[in-house]
Amino acid sequence: MTIALVDYDQALATYEPVLGLEVHVELNTKSKMFCGCSTDFGAEPNTHTCPVCLGLPGSLPVINRRAVEAAIRIGLALNCSIAPWCRMARKNYFYPDMTKDYQISQYDEPIAFDGYLDVEVDGEAFRIEIERAHMEEDAGKLMHMGGAGRIQGADYSLLDYNRAGTPLIEIVTKVVPGTGAKAPQVAKAYVAALRDIVRALGVSDGRMEQGSLRCDANISLRPIGSQVLGIRSETKNINSLRSIEGALHYEIRRQAAILDDGGRVKQETRHWNEAGYTSDGRSKETAEDYRYFPEPDLAPIAASPMWVEELRATLPEMPAARRKRLVAQWGFTELELRDVLGADALDLIDETVAAGASPQSARKWWVGELSRRAKEANVDLDRVGVTPQQVAQVQALVDAGTVNDKLARQIFDFVIAGEGTPAQIAQKHGLAVVSDDGALSAAIDRAMAANPDVVEKIRDGKLQAAGALIGAVMREMRGQADAARVRELILEKLS
Amino acid sequence: MSGLVLQTAADLAGLIAAGEVSAHEVVAAHFERIAQVEPQVQAFLALDEERALAAADRVDAKLAAGEKLGPLAGVPLGLKDIFTYQGLPCTVGSRILEGWHPPYDATVVKRLLDADLIIVGKVNMDEFAMGSSTESSAYKVTHNPWNLDYIPGGSSGGSAAALAAFEVALSVGTDTGGSIRQPAAVNSLVGVKPTYGSNSRFGVVAMASSLDVPGPFGRTVLDAALLHEAISGYDPMDSTSLNLPIPPVAQAARSGEIKGYRIGVVKELGGEGYAPGVLQRFNESLALLESAGAEIAEISCPHFTYALGAYYLIMPSEVSSNLARFDAMRYGIRVGDDGKRSAEEVMNLTRGAGFGAEVKRRVIIGTYALSAGYYDAYYGSALKVRTLIQQDFDAAFAKVDVLVSPTSPTTAWKIGERLDDPLAMYKADLCTIPANLAGICAASIPVGLSSENGLPVGFQIMAPAMADDRLYRVGAALERGVADAFGGPVLNQLIGSPAWDALSAQAVAARFPNIILGLAENLS
Amino acid sequence: MALSPDDVARLARLARIDLSQAELEHLAPQLDVILESVAEVSKVAADDVKPTSHAIEIANVFREDEVRPSFTAQQALSGAPVKESGRFRVPQILQEDE
């Protein structure tokens, strides 16, 4: 993309970013929002359809109770008020992936509204105000044929309506000012927190890369000190936490460049490209006319206080509270906690500990070695290719003295390559430290014979010189020796 | 022509159950009648003789096996082309759905088949049920058996004409603003719009979701009641379906006892703009009811004057959304797909070519009424008027058991007369619309012919939601009074008349007594 | 408020209906008459009147979250104007929408 960008810090010196986030959560109900068709992925095209989700003439929707309960529980988890009475509404627009050419959604009567979610970035707390959470249905999937499979320049398109009618909860924030240079991190932290909440509630798997959690990120810039909101862009197609940060970082630099030239930011939807930039989408200069009206085919939803309280009682411990508890339990320092959150490793560490590893060792692997690998592969940490159970198994080998950290890192290579359990891999590739003193002492004798001067130094009390001998022994053992034991043996021999 | 076709549905079922005639003979006789008069009446869009006769044979087999069947088993019926029924195309009278074969059955159809009724075919209707004359059908103009130059009413005009021409013994229609009652009135039939939500809309191609309801047509009050019981009831596939027991309508139709019944005449539905011939029959009917023991009072429903306006905002608004799905992508015709045009262009061309003038009018009005900046003034205001009309009904039903009015301000008009005058066409539903806006039940009962033009006049009865039995009780009383007054059902005046000869080659006055028998049965 | 043929054209675009100029000019006055006659509703629609969107007042009509049998691909595609590899084939889509 050959487009002028302003240096990030320079942009933030002149402008204040204002965020707005829309997150779509795909619920994991067994059946669709308005019919009994399965929501499972991967079926033959159009075999999870019926008169209702195909929008056939004469068909009528019936609301899935579990989807409503999920919406209310999400609302409660986000500290929202729950509407005592609300209706579904029709959002009218023509598009081939929408079988009725209107979407059943909610308009001015969302089931949940006026909530908030607190997030933390580098130890600084931010409160994200939630405007609303409402229920709606998903659309079918388009496949563009010709024109390199992109919508632009395609010859025609193919439609699979298996996904049509899958329940969605759309969660919309109020405008979020005051995050300054941390805006991209705050957005990422907010979406991560939302994802943790829907997972904790068990209402969605919250997998961004699979589209079960989708984020549209709005951002506008205004001169620092100004109270007037600038014109915003809305970036869609963001399918990972890293991309949220990247997209907003890029948009801040792009919009700053436009404003610096005295230009006007176009109100439009933009698309995030994994290559690291956002590209022009559809202009939203002319607002669409969706002609919303109450859905006459569906009865209103009246959430009685009793029902709401029953659902409130089913709420699990919220991620923020859980975080505090775990960290106290694990005895992490503030700094360690920041790294853990920054790496989005809390759940992974928890599962690793549950699988038998010590909190510190689990933290060390996930925040260190494995985070490094995730960065290199440009994937979120939970997609790095190693499970918490496997990390625990590797750590068990370390604790047993069977392998050292160096060998453990090699084992991870093979685990990611899918060669089996850590134990099998250690076996297969003979990755084990030599603990047989006989073999070690022979190697030590050879090393001492080869380095008489070093031996002298040690005898004179310069114990640190032993490092040279240890190194020589480790080299001979190709790393598969317990350095501590080697040192012990050397000192025994020379005492 | 076999006299079987002149029997009431109740009597046909009785003869079949008693083994005096086979269902096969009955169905065959009706197809013979169809062959004879259909070229003149033009009521059907599709006939299903093979399956109908097979179904009749199954009924005969069940009876032979000693099975006890429903009260309408083996009776031939006409199905409005708005219901999905696998095996027959479903066009809804529109070009845009030409050749569409629905892959599922409407709930009403399932119930008809479960009750062993015989679906003879699908009958004509105004396109997407939009009209009061069946002229907006994309396929054919249906003629009024009482005078082939006149409209059969609409939108369920095919259902009514086929029944009045004795091509079927019963038929099913849908009523959104009068689409059952007005055709019933102009063909001298009993037509009932049940309480909204008491008859499933699943498988009924939607016109206006908050107003549509399927309902029965019969040549007698009892026939309509028996069909009403066969198709009504809770349906979990329809979220607006009422989970309540259906009132005992057949029992009410058999009783017809209205001593002490309080009947309210709606002040606002009469007077100026109403044909003298219609008002004359209406007033005679009031006298008949009074002599049957009812108390007549005048009731004012001040907001009914705004009903037509509210209806022509709410209905088109829902129409504009309900008809969006006909976009040439998944079913129906596709126009202009030359491999170069975009989906949007193909949608525009298909809808431009596939929809008729009346549908376009309503879709555009609805689009306007819902569009930003106009919602409150139009759709929003209409919803408030709807509340006021419900309040009028509540107040009225606190004073009386039923409300009555003419079914329509005039009798049938000449084919083509109001085609390009939408407002004149809309006024035909002036009296029927309030019931749809309020969701209550209403019926039209034949009360004779207008002295002006010899065409049938209908009498509308309205009752509170889920008090449908009152319609049948008062309807039966009126049916008796009228029969006594005319020495037989009004339809008998068709049989043997010049219109009757125009309808069919052979005169059949010989079979005339059968229908009297049918009526006598009702009286007992 | 008088509806011009241009207004009707705008509404027809919104409703995805291709109308000829002749149709536009024929429809505009008709729609105008209709709209005038229905506009009267705003006269009685006072602020204190609550709107009624559903004819009969019921609430909380739900189904349980159970999977029911679906169509076969052949049933689902039975009405398709054009199909290809188990999917509905539709003309090229120009601009991305919601």
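Order of writing sets the labels: A, B and C. Residues in every chain begin at 1.
Just so we're on the same page, a residue touches a chain if its C-beta (ideal position, glycine included) is under 8 Å from a C-beta of that chain, and two chains touch if they have at least 3 such contacts.
In this text the structure is predicted, and so the values were computed from the model without any measurement.
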Check your understanding: Looking at A-B and B-C, which one has the bigger number of contacting C-beta pairs?
Key -> B-C
**Study point:** Centroid comparison with chain C (C-alpha atoms), farthest chain
**Key:** A
Check your understanding: Which chain wins if you rank chains by how close their C-alpha centre is to the centre of all protein C-alpha atoms?
Key -> C
Review point. Counting in whole Å, what is the centre-to-centre distance of chain A and chain C, each centre being its mean C-alpha position?
Key: 39
Practice item. For chain A and chain B, let me know how many angstrom lie between their CA-based centres, rounded off. Key: 58
Review point. Measuring from the mean C-alpha position of chain B to the mean C-alpha position of chain C, what distance in angstrom results?
Key: 25
Check your understanding: Using the touch rule from the top of the page, what residues of chain A touch 2 or more other chains?
Key -> 54, 56, 62-63, 94, 96, 155-157, 159, 289, 291, 293, 296, 298-299
Study note, to complete from the structure: Among chain B residues, those touching two or more other chains are 100, 103, 210, 236, 239-240, 320, 324, 327, 329-331, 339, 343-344, 347, 367, 371
Practice item. Give me the residues of chain C that touch two or more other chains. Key: 14, 16, 53-54, 58, 61, 63, 71, 76, 79, 88, 90-93
Exercise for review: Name, in rising order, each residue of chain C that touches chain B in their complex.
Suggested key: 3, 8, 11-19, 23, 27, 30-31, 33-35, 37-46, 49-56, 58, 61, 63, 71, 75-76, 78-82, 88, 90-94
**Study point:** Contact set on chain B toward chain A in their complex
**Key:** 83-84, 90, 92, 97, 100, 102-104, 106, 201-206, 208-210, 236-240, 317-318, 320-321, 324-327, 329-331, 339, 343-344, 347, 367, 370-372, 375, 379
Point to revise | Parts of chain C lying in touch with chain A, wherever the complex brings them together | key: 14, 16, 53-54, 58-73, 76-77, 79, 84-93, 95-98
Study note, to complete from the structure: Residue set of chain B touching chain C in the complex reads 100-101, 103, 195-197, 210-211, 236, 239-240, 242, 303, 306, 308-310, 312-313, 320, 324, 327-334, 337, 339, 341-349, 351-353, 355, 360-361, 363-365, 367-368, 371, 377-378, 380-388, 390, 422-423, 426, 436-439, 465
Study note, to complete from the structure: Per the touch rule, the chain A residues reaching chain B in their complex are 51, 54-63, 90, 92, 94, 96, 99-102, 155-157, 159, 287, 289, 291-293, 296-299
